[in-house]
Each structure stands twice: as C-alpha cells, then as structure tokens.
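Shared between the two complexes below is chain A, which pairs with chain B and chain C, respectively.
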Partner chain A sequence: MASNSSDKIIDHGNYVPTPVPSRPVAASGLRPYSAAAKREWTQPWPDAATAAPEAVFVDEGEFKEVYLQTPVPANFVVGAGAKLDVTIVVLPGITANIPVTVDITGPEAEVNLKGLYLCSGTDEVTFDVTVHHRVQGCVSHQLFNGLASGSAKCAFFGKIIVAPDAQRTEAYQENHNIVLSDQAKVNTKPQLEIYADDVRCSHGATVGKLNEDEQFYMRSRGIPEGEARVLQMISFVAPVLDGLEDEGLATRIEAAIRSLADR
Partner chain B sequence: MSFLKITDLHVAVADKEILQGIDLEIGQGEIHAIMGPNGAGKSTLSAVLTGKPGYEVTSGSIEFMGRDLLAMKPEERSWAGVFLSFQYPIEIPGVSITNFMKTAINSKRKAQGLEPMKGGEFLKMMKEKMALVQMKGEFSKREVNVGFSGGEKKRNEIFQMAMLDPVLAILDETDSGLDVDALKIVADGVNALHTPQKSAIVITHYQKLLEYVRPDRVHVLKAGRIVAEGGDELIDAIEKDGFEQF
Partner chain C sequence: MDRKEEDKIIEGITSQEYKEGFVTDIRQDFIPKGLNEDIIRTISSLKQEPSWLLEFRLDAFRKWQQMEMPRWGHLDLPEIDYQDIIYYAAPKRDEDRPKEIDPKLEETFEKLGIPVREREALAGVVAVDAVFDSVSVATTFRASLAEKGIIFCSFSEAVREHPDLVRKYLASVVPSGDNFFAALNSAVFSDGSFCYIPKGVKCPMELSSYFRINAAGTGQFERTLIVADEGSSLSYMEGCTAPMRDENQLHAAVVEIIVEKDADVKYSTVQNWYPGDAQGRGGILNLVTKRGICKGSGSHLSWTQVETGSAITWKYPSTILKGDYSSSEFYSVAVTNNCQQADTGTKMIHIGRGTKSRIVSKGISAGKSQNSYRGLVRMNAGAEGARNYSQCDSLLIGSRCGAHTFPDILSYNPTAIVEHEATTSKISDEQLFYCNQRGLDAEDAVGLIVNGYAHEVLSRLPMEFAVEATKLLQVSLEGSVG
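Moving on, here comes the complex of A and B:
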C-alpha cells in the first residue's frame, strides 16, 4: 500500500472498524431508553433486532440501568469520561437472543456490563456481546453468570475489540456457568481482538456443576440438600448483583433460583 | 439401647475395602479416642458416621440412640445430634457465617416443627458461642472458611459445634495444623461443651489434643481394624513406641 502523504503509517493488522451507530438528529446529552420498551415481557422475547433497535448515547455522567425481563438496547455509545453500568437479568421461562454492542468512543470512559441468566425447561438464551474500545485510556468489565436446568440451552459469545489507537485499555471479561441437569447445555466463546500493544486484557470462562463437597459440608450442619443447592446458587449469582442493592430484584431472583432447585 | 453401637462395619471406597470389620460401642457421656497411623481408615469412619456420599457400606450396622444411622441422610443425622468437625473444613464463597448458621439452625427447627428462631435471640447466641472460641465480631460477616487460617478454620468448626449443640461430636484430626495457643482454645471449647449427656469421638494420630481432652477409652485403628483398646496407658505406649507395636 503506497502512501505519499506525511501521515504516520500505522500497521492496523486486520483491524476493520465497524461503524458507530449514528446519533439521532436533535439528540443531546443522554438519550434514555424509551419507557414503553421497558415493560416486562413474560413471553419469549421477539427477535431483539425488532424489539430493541435503539442505541443509547451516554455522553456524560453515569448511565445506570437494570434490564429485568425486558429487551435490551442493541447499542450503547459511551463518550469521554462517561460511565455505563448495565445489568441484564433473564429469569426462567424466557427464550431470547440478546445482542449488545458497547462502543467506547471517548477517552477515560468506564463500562461495567453484567448479565445473569437463569434458564429452565426448554429456554434458549443467547448473549452476543461486543465491547469495542475505540479510543485510549478506558476501562471495561464484563461479568455474565448463568444457571441452566432442565433441557435449557444457554450461550455466551463475548468479544472484546481493542482498536490500534486504544492504548492503555483495560478490558476484562468473565463468564461462569453452572449446569444443573444432564440435559442442559451451555456454550461459551470468549474472543479477544487486540490491535494495540499497551493494554491489560483478560477473559475467563467456566462451565461446571454445583460443588459436592460444599453440599456435604452444609448437609452435615443440618441444611437439607435442596436448601444447600439454593444457597450455592445464590452465592454464585451474588457477584452479578453486587452493588445494586435492590431488595425487590434480589427476592425475585431468589424465587427463580428456588424454582430451578426444585426441578 | 446403646448410645452408639457399630457392629462389624465394612466400608469400601471405589471398590477398595478400607474398613474391614469395626466393632465399637460408645456410651452416653463418654469420650473415646481413635488413634492410628495415616491411612488406617480413621477419616473413613468419620465419613461413614456422617453419611458422606461415595462411601459404600458393604456389611455391618450402626445404631445411634435406637435408630439405624446408616439409613439416615446427612442432614437427618445432624438433626439427631451428630456433628463432625472436619479435618479439612470446606470453603463456601459467597455465604456468610451468619447466613450459614441461621439456615442450619432454622432447618433443624423446621424439621422439629418449630418456628424459625427470632433474629435477636439468634444474634445473642452467635455472640455467646463466638466468645467461646475467641472469634471477634467481624467473623460473623465473613464467608464460610474463605481466607481463614488453619487455626481459624478449626475454631470455626468448634463454633459451629457450639451453635448446633450435638450429642455426638466427632472431632476428625481437629488438632492437626494447630499451634499451641489455637489448640488450647479448641480444647477449652470442646471441654466447655461436654456434659454427662454428650459423647465425643476424638480422632487423631498423635496425642497432643488428648492432653487437654481426656478420653475414657482409647481405640487403636490400623489397616481398617481395631487392633488395641484400653485406657490412658495406650496413649503413653503410642507416644513411646509408635503404632508399629500393634
């Protein structure tokens, strides 16, 4: 590739930036996700592409939201110094495909993206998450934990992209799953695409069962097996809910966990 | 009716016979020591007494206060008053000591047809039992055994024992890995909890703990069999000449 301009030539490897969602005309500052779309779904979610096409632009301050049983915006665009703190909760009885892309477009931004999926019966829940660091000096954390019972199928596809210019990026991703039955299936696929050289990135993915030594320890103290499993599951999901301090949400999640433990 | 009667107990783990015919009878209020070298089957015995999965009783029986202990689930044995102080206490991340103990105590109360314990009453009891093993206030908020030192884990076992108030306490190598001070705290706790109604089995491969917790009877377990029985004199004989003599 020849270049006769004086611009510095940077080897971008295979980096091909995807377009950032275009900003709606007349939008300024934070554009809240429309309230109408936030009503709860008790039925399987329609294809998320038609349910929640909107992009949320976080230009300043903090955008903090819990998406409980509701379609999730497909895009978040986070500007300089802004903070995004999003938690997505999927309770049993929902089949959904949830694509979420976070574009970090301004320096010193912070992203905290968390998800919890509790699946039973024939639920099929797929998360398709991309966190795209386009500029330098930003931090992102992802934590997605899932429980699969019955013959549920869960999948987590998580990608971190760090653009060539996004030096001093910190990007972390964790996905932990517990399979509660022989028929349930979990698929996890972490992906890192790093084109910058001064970054701190990590990912961890696990799929396992409830720990039997813990169960016996609890049972030996008089905690029945079912209750021991509930305690284990509550402690497994706790890191995702940490910092939300929402009693109502915690109660609903505990009830959902009990329904999984009974199956 | 015996308090605890083990008759011709054979136990296999993964098709390998570990216990090869154990006979043991423990009366109410008695403290028995089971001593033996590593690999003798001491921990297997404690596992079978508490119903740990993976241990197959191929023959024999265990009668506990008129009930068939082997037919009971681990939680049912706990409700009946059996307690094991684990050699290696298990860490349970994300579960606080308070929540763990509250669930344990209220599960037992539920099984007995009682209402859950009142919050104030429970906290008072926690405080009292923590003082017994010299645990500070923040202990109750910590996750069960997570990040505990060896001594703290063993003190936590004795704390749980105090909370659950068992009639048969099995202390599996509770002295291992303890320094003198921690050993003293643990032993004092065990002695403070002992009453004429309660029995204990102290499993150990050396005599340290037995200097503080005096047994009524000593059994030597070796290669899956009890090879010697007696009183205090056995402890001295083992200290002097080891387990080779049996």
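Moving on, here comes the complex of A and C:
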C-alpha cells in the first residue's frame, strides 16, 4: 500500500475556488436587464444554456428584481456593501432547469434569494443554487418553497460555500415542499461546505403534506375543504412573497394556486 | 499561561495521544501478498470452508474486477494498491496447547481493556468476540448464551456449525456486488462475528466484537452478520484499534443486520482506529459498508456511532425500513483532528407504511481536518404516513478545518413527512469566557463544551462505551486549542 510522504497536503477535501465570472469591458456599476430579456415567457422555459443572460454585477446600492416566468441570469456578483434581493417565481406549466450562482466578492454585502415554484401536470422544475461567500462579514438568506401536484417533479439543489477567509459569515438556507398528489416527486439536496470557523450557517429542508388538523379547524368553521386547502397553500407561499408589493403578481399566484387545488 | 509553557503542554499531549498504538510481537502466519483467485482459494481452504462459500467469494471477486474505485466522497483518498496487501494474517497456534489462548494475545487484549476470559465487567456481563487480524481468538460466554438458544461465535465457526443460517442470511442485506468495497470484502473476508437471537429471546447480556489490526502490510476484512428473530432483542457493541504505522492500512468490513417482526436491535460502535500522526502520515482507511433491514412489522434498529479514529472514514450505516410501522434511529458523533477526513452519515429507505426514522449527527472538526455528513432519506411511493426527522450539527474548532453537509431527500409519497435541519458554528467566545471565569483552562473548557454538544448521542451508548467515548473525545481534541 502506498505510504504517504511527509509533506502530504490534503487538497481535494480543501477549498477549491471556482472562478468569478469576468466582467464585460464596458460595464460599470449596475447592469440591469435589457427590456427584451425581461419579456415574459409563455412557452416552456428553454434550456439553461440559451436562457441564461450574462452575469449581473451589483457593485453598490441595492438590486431588487422579481423574475416571474422570465429567464434568470446564471450569475450574480455582489460587491462590497451591496445588496441583492432576488425573487424567482415559477408558475405551473413550465419545465425548467434554473441554475443560479451568487458570488459575494466584497465584504459587508447582503444577499436575499427567494424562490417559489408551483408545479402541476408533468412539469419538471430544478433549481440549482450556489451561494459562494468568498469574503468576510457577509450575510445571505435563502428561502425556496414549492408545491408539487399532478405527476410533477421538483428538485432543489442548494449549496452554501464559505471560503477559508470568509470569517463572520452568516448564511441561512430554507427549502420547504408540499407534495399534493400520489405521483408528484420531490428531491431536495441542501448542502453546506464550510472552510472558515467563525460562521453561523444553517439549512433546513422539509417535505410534507397539508396539515389535516388545520383543514379540520377551517371546515368546522364553515370553510369548504377546497377553500381551506387554497388558504393553506397561500399561507405556505406567503413568506417568499413578503416584502413584494405587486398586486398583479399576487393575483396571478393566487390563480395558479387555485388551479393546483382544483386538481 | 505563556507561550512556551503552552507549547510544552500541547507537545506532551500530542506525543501520548494514541495509547493503543503498540504492536504485539507474536509469531504469525501470513499468506503471500496480492489478490487473485488463488489467494481467495487459499483463504477459503485455510478456513476449511464449504464449496458454496468459495463460489460466493469467487463470484464476488469477478464482480469486483469489473468495478471501479468510487471517487465521489469529499475525501482525498490515497491510491490503494490492492496487490500490495496481505489478505490473511493469523497468530500461530501453539501446537502443545491448541485449545488455549496465547498468553501474549491475552495480554494484548487485557492491555486494551477487553476481557477475553469470562468475568464480570464494569456494569454487568459483556460477551466478547475478539478478532486479531484475520481470525477470532476468543468468544466468551458462549455456553451460557447457548442455554437460551443464542448463537454467538466467530464467523468461521458459524459457517462450520450453522451453515444453513449463514447461507440463508449472508449477503441478503448487502449483496456481494453492492459496491466496490463490499465486493472486495465478499471476496476476501476473513473473520468476524455471527449472532443469532431466536424467537422471543431477550439477550441477557451485551454482545460485543473487538477488532484489532496488528500485522504490518495487512488489511482487515471482517464480516459481521446479526440476525434477530421475531420478538427478540439485542444490544451489540463494536470496538477497534490498530498500531501506529507510517503507512495506511485498509479496513473494509461489511456488517449486515436482519431484524424480524417486533425485534429490537441496538448496534453501537466506538471506532478508534489509528488516525495517523499530526502530519497526516499513516492511519487506517476505514471504508465500511454497514446496513440493516427492518424486515418485519414493528421491528426496530438503532445505530449509535462514535467516530474518533481512522485517517479516512467513509461509511454510511443504513436501514431499509421494509416492515410496516418499523422504526430506525441513527445517532453519530464524528470527531476529526489533524489531517483526518470523514465522510459519514446514514441512509434511511422507507418502504413500509407508517415507518419512522430519526437522524442525529454531530460533527466536530479541528486542526486541518475535513468532516462531512452525507445522508439519504427516501420515501418510497408505498411509505404511507412515513416520518423522518434529521438534525446535523457541525462544530468547528480552529480556522483551517472544514465542515460540510450533503443531505439528499427524496419523497415519492404525499403523506410522508421529512424534516432536515443543519447548523454549523464554532464554540462561542462567551461559552469559553464563562468556563475560564470559573477556573477551567481552555482545554478543559472545550472538552466540557464538546461533551455537552455530543451528549444527546453519548447518552445513547451502553454504559461501558459511554465512559470510553467520553474519554476518547477528550483525547482526540487535545492539542487543538491554544
């Protein structure tokens, strides 16, 4: 058996930094989307390769965006003191693979990443989220909630990476799923890779069903079962939509939830 | 405390850290290095095995030859030359006294605190099967266990005396082609323990296996098979140590547990293989497949493990919850220090209705070590009303170590509920300050905090083990603060 030399370095297990996307030459400051890219998709979501617009660089201030039925940029690069607040909403009828990587390259930055996926029929939605803390003193929050009905397949792969020097990092991730039908499938892989010690990191993932006690409570007060289920689902998705004041969006999500409940 | 004094204390501790690292000087029989069908035939004939078992071994070997070494672990695995390992080493039998245990062997186990003669242990009686390299040297309390119908003996004896039972259950949970290391083990396995608890019998004492690697250049490939028949109950413990060497030694075991209807098995491990020195030289590569099946309804299997040793630990004690309303638990504390690496966790496969599982994993990493939790919870379509709760916490000591969590949750049933949570943090300065204020130095304070952190798991261990595990935690982390 091979014996180890004295200068053995464990490198595979150790941190391997992936490259940060390079910045286009002309770009400076905030690069919001072109109107064309923001056009709504009614067709099934195209492949990740064709859908992914260029990286978004947030150097200062706050970048706040809701991606509803639109392609999501594959990379966000967040600089010192900047704030990223992104919400991704996937409505029923869409099959999509959504890779999102957030690189935090400047200290004291804040990232808020939220997602909501409502899947029905034969939808297959996969989120592949990486939040990479490269520098110290940053905070990131992730919250992804999903409902799966019909024979939909939902997958959430989420990873938090904390680099060796990224001390005082706070990174939190939550993923909750509700399976509404016998054929629906949910797969969740929340992952933590941590190479610094002064950190507070946590993740939580749940897969479950609508609570029957709650249904009973509402039904015994005269709310029909269907309506009770809708109310439960609305309250399940509400935390993701907190802080958004878009009436139109709320109406559309409610309609989508009702369509799930009908099935 | 000034710097010099502190260094001296740390140095003193690191030089005495692994007290089981001695070598027993004893005459041993070896077979030649290397792995081929002839070697497997030699092992089989040395053990006077029936032809079906030789066929089983050869079949596994042919499967193994088709397989590739897995690389997906979060580990830096050294290249293993499978032709450079001695697959069988046994202490020479004294021709004049063939029935007795060699006094040197007895002394070795005595030194390790393992009674190979029947006597009262700390908290009652423990039956021991002591395995030295490739053979079992003693199994205690066999007669008194046999009165109750319990079979507890070495694997080789079981093959000779209870071939029907062995043949029925061998590889029924871990098939020979299950994975690379299980296939290797199935081809070359030497000794291990066999245990059968008949219907309705509650095992009156703790059963335990103790594994010791002694010879250089060898690997240990033990095989443990535990069968708990209807309504029986058993608590089983496993311990292990090895000498300090500059080379890696391979340990690739397979443990299979079959739990029938309403039976209850508790399997505890305190793994203390030689972890290598502070520079990462040497140490045992602990690549083990452990799996149990809750076959009948209402059966219960509980895994408890304390992992402090080994240069590399790569194992996932798993449960297949097949019987309706069966349940399983996994409690783990994994400690890595210096250059140790661990990628460990569990798999809970829910097949039956109303099955329940609970996972509590506590990782502690110090020095330059990497400690990963990896787990699978799978709710099959038929797992009506199944329930899982997982909790994985990581504690980081020092800024050069890593702690990682890779759970995988699959749910194919709308009535199943799965919950997973994980946290990673370090020992807070407030906690340390509080202890320091009350007169505890940094090292004692860390020991106290770590023990409190791991308490939920340690409290599940049988009494003898809990004491040992608490001490081990302390030793493993010594030198990591300062």
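Rule of thumb we're sticking to: the second predicted complex is superposed on the first by the 249 of 263 C-alpha atoms of A that agree within 3 Å, B and C clash if a C-alpha of one lies under 4 Å from a C-alpha of the other, contacts with A are read in each partner's own complex, and residues count from 1 in each chain.
As a convention for this text, contacts are C-beta pairs under 8 Å (C-beta built on N, C-alpha and C of every residue); 3 or more make two chains touch, one makes a residue touch a chain.
Quantities reported herein were computed from a predicted structural model and do not represent experimental measurements.
J.: Which partner, once the models are overlaid, touches more of chain A's residues, chain C or chain B?
T.: Residues of chain A touched, chain B against chain C: more for C.
J.: Does the superposition put A:S202 against chain B (first), chain C (second), both, or neither?
T.: After superposing on A, A:S202 lies in contact with chain C but is clear of chain B.
J.: Using the touch definition from the top, say if A:Y15 reaches chain B (first), chain C (second), both or neither.
T.: second
J.: Just chain B (first), just chain C (second), both, or neither: which does A:V179 touch?
T.: A:V179: touches chain C, not chain B.
J.: A:Q191 in the overlay: touching chain B, chain C, both, or neither? Say first, second, both or neither.
T.: A:Q191 contacts chain C only, not chain B.
J.: Quick one: in the complex, what on chain A touches chain C?
T.: 1-4, 6, 8, 10-15, 164, 167, 177, 179-182, 184-209
J.: Residues of chain A touching chain B in their complex?
T.: Listed in rising order, the residues of chain A that touch chain B are 212-214, 216-225, 227, 231-232, 234-236, 238-239.
J.: For a test of understanding, state which residues of chain C touch chain A in their complex under the given definition.
T.: 74-81, 84-85, 217, 219, 246-250, 276, 279-282, 339, 341, 368, 370, 379, 381, 394, 396-426
J.: Considering only the defined contacts, which chain B positions touch chain A in the complex?
T.: 50-53, 73-75, 77-79, 83-84, 86, 89-95, 99-101, 103-105, 107-108, 111, 160, 164
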